[in-house]
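The following pair of complexes shares a single chain, subunit A, combined with subunit B in the former and subunit C in the latter.
Moving on to the complex of A and B:
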């Protein structure tokens, strides 16, 4: 029993790990909000910073903050006033001139704490000056240095505004598609086998794998729609990848309808095997080629960079890759149960 | 048997309606605590999706079992 179903046990172990690690590892501390967002040169300003997952009070005396302009010029905060773990006030004395040749510029805010590590809010704050004096500006801004930044907690997922905690959906929404692709891939394999041997068993395997793959595809679409609602603003944004998966799922739903249209078992099996091969041949360009050719909201498509770099760090990989394996194994488990039901039904029909 | 399963499907639908209602009532519930409930919703959808597929297979198996009994 254990020798036969070791991969089912493996699936359960991996999925338990995925859910535990995926839900319990905290997000990296981040900056949730900064007000005001527009500063005037030559004034003393007070920035109110709201943190996310941050521990300002714990590192009260070791907190540092800088405004950073292009070309690595920084201005250190004159005074930092911690209200609680999530809020602090930064006081900056802005020089009269900016190290910039235009009246408007943007700067990043960088916080550093031995507990939270260094946190960057990129280009989030607008700076304006009344008159331009590049040389004087460079001189005024070259007093402070930014050095010895802290590394911060190691075991964290990236903090991304807009995504926030929903970055964890990477372990639940994305692997469903991996599972679907693998299930459909194996079903094509059995379709080819059916056409070569006319073994009804291969046809039953194809049907079961397609059923499971279709269920996973539908779940992927629905979970994607929920995630999209809270990151892109709508359940369905008519994004190219959303549309193409909808087309792909319609093609596969036609597979099941096609099967229902035949009385003769052999004709049914043969035609659906041929159709299944064409369906998979359509699936690959629909999911992997067309979305890359135009702009898409999905990462890794069109003008959008792939889910990588800061979106997928090593801690995330530690959960994401096992999650892909775990959900795929679960897909095959579901398919194998569907296959056994199909097999039993066929045996009863033949008897 | 069939009634058992139908009632289960009904309960699941009611649950989903309740969830949708709770969402409407408290506006930004899914956005609270850094969108964590979006992840919870996704996991629940996957769970119930797979459970519904299991119910479908279960009903099929029941039919087959009844057929086997008749044959005997």
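Moving on to the complex of A and C:
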């Protein structure tokens, strides 16, 4: 029995691992908020920084902070006052002129701590000056240097604005889709086998795989909708991929309805196998071609960068790829149970 | 008799049948005209935006196509179909039906365009691009609907089944067509028009290829 079911055990082990790791590994420390966001050159300012998952008091004296402008010119914080782990006040003495040829500029804030590592708040702070003096500005801003940044904690997920903790949904939403695609691919395979052999067993396998795939598609849509509520503001934003998903689910609903339309078992199996192959071929442009040519909120579509780079770091990969395998294996397990139920029902009908 | 000669004969048969039973084709024509008129009456402020015009055009075309094609397997009873399959290559039957339906739908789309232009007003500026969209649309619709009609004709309540089975599948074609047609109205400057045409041609070819592969499993009862 162990020899037959090793992949089910593997699925459980992988899923337990991905759920534990995916839920327990903390996000990388980040900057949640900085006030004020607009600074005037030639003044002394006090920035209040609110951190996320940060440990400022542990690193108290080794904390450093810079304001960074274009062209790698930085200004170091004159004084840092740590209130608690999550809040600190930074004092900057801004020079009279900015190293900029316009009156307005934007700078980023960089924190460095041996505990939290280097944290960047890109272009978050606006700077204004009353008059422009590029040469003087460059001189004034090139006193400080930014060096020896710390690497920070290793085992973390990226801290991304908009996503925040919901980045963990990556281990559920996306792998559920993978599982659905694999289930539908195998169901097409069994449809082809049915049309070659007219073996009722292949038809029952197709039905079971499609049922499991449909459930996984529904779960993928629901997890996606919940994610969309937190990141895009609404459960359903008429995003092209959401619409195509709805269409894909409609296609497979039509498959189940088609099966219900026939009394004759052989006819039911044959026609639904034909429709299943036809529908899967129509599904491919739906899921892989159309979303790429239309504007979409999803990563990797309509000019958006693909989910990768800074969004998917190596720690995430360690959870994300196993999650894909785990959910797919679970999908096949569900399908095999559905197949056995179908078999037993058939046996009851025949008896 | 070779394959192409069979297709030729079947096409002639379709045309003769269509002309002999004039009510079917004139019914579809009247259907298009009255739908266009309903659109005109319902949008009493006028269809001003090209986007709306294009969308309405393709929705009218979609329903007219379903109505035109649903009869292609219904009007001939099972016994006569058995006779065809005994006499001719089943593939020739479906290919001739597809070719016939493509020309029927193309004619129908030209007529819908004329009716829209006459009653609602013409919004199309680039005629060649729109004609291409019409042709690719007719081809996609007729291949898809002919095949799905072949499936649903095996069941009893087949007009509902045709809609349920084919509408989700037609959406990618419809979306690409609407995008292409909006470009043809001159509302959008789209340099990626070649890609849309490529996608439509690819979808049409894939559907046609699948029909040819799968039909031999379908006709037998």
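As a convention for this text, the second predicted complex is superposed on the first by the 349 of 351 C-alpha atoms of A that agree within 3 Å, B and C clash if a C-alpha of one lies under 4 Å from a C-alpha of the other, contacts with A are read in each partner's own complex, and residues count from 1 in each chain.
Throughout what follows, a residue touches a chain if its C-beta (ideal position, glycine included) is under 8 Å from a C-beta of that chain, and two chains touch if they have at least 3 such contacts.
Quick caveat: nothing in here was measured; it's all calculated off a predicted structure.
K.L.:
Quick check for you: in the superposed arrangement, does A:250 touch first (subunit B), second (subunit C), both or neither?
P.N.:
The answer is second: A:250 touches subunit C but not subunit B.
K.L.:
After lining up the shared chain so the two structures overlap, which partner does A:64 touch, if you call subunit B first and subunit C second: first, second, both or neither?
P.N.:
Touch partners of A:64: none, neither subunit B nor subunit C.
K.L.:
Does subunit B (first) or subunit C (second) touch A:173, or do both, or does neither?
P.N.:
In the superposition, A:173 touches subunit B alone.
K.L.:
For A:28 in the superposed arrangement: first (subunit B), second (subunit C), both or neither?
P.N.:
In the superposed model, A:28 contacts neither subunit B nor subunit C.
K.L.:
Scan A:290 for contacts with subunit B and subunit C and give back first, second, both or neither.
P.N.:
In the superposed model, A:290 contacts subunit C only, not subunit B.
K.L.:
Under the stated touch criterion, which partner chain does A:298 make contact with: subunit B (first), subunit C (second), both, or neither?
P.N.:
A:298: touches no partner chain.
K.L.:
Between subunit B and subunit C, whom does A:205 touch in the aligned arrangement: first, second, both, or neither?
P.N.:
After superposing on A, A:205 lies clear of both subunit B and subunit C.
K.L.:
Given the complex with subunit A, which residues does subunit B contribute to the contact?
P.N.:
Within the complex, subunit B touches subunit A at residues 30-31, 33-36, 38-39, 41-43, 45-46, 49-50, 53-54, 57, 60-61, 64, 67-68, 71.
K.L.:
Can you list the subunit A residues touching subunit C in their complex?
P.N.:
Touch list, subunit A to subunit C: 195, 244, 247-248, 250-251, 254, 257-258, 261-262, 267, 270-271, 273-275, 277-279, 281-282, 285-286, 289-290, 293-294.
K.L.:
Using the touch definition from the top, list the residues of subunit C that touch subunit A in their complex.
P.N.:
144, 147-148, 151, 154-157, 161, 164-165, 167-169, 171-172, 175-176, 192, 195-196, 199, 202-203, 206-207, 210-211, 214, 217-218, 221
K.L.:
Show me the residue ranges of subunit A that touch subunit B in the complex, using the header's touch definition.
P.N.:
Going through subunit A, the ones touching subunit B are 19, 23, 27, 52, 163-166, 168-169, 172-173, 176, 211-212, 215, 218-219, 222-223, 226-227, 230-231, 330, 334, 337-338, 341, 344-345, 348, 351.
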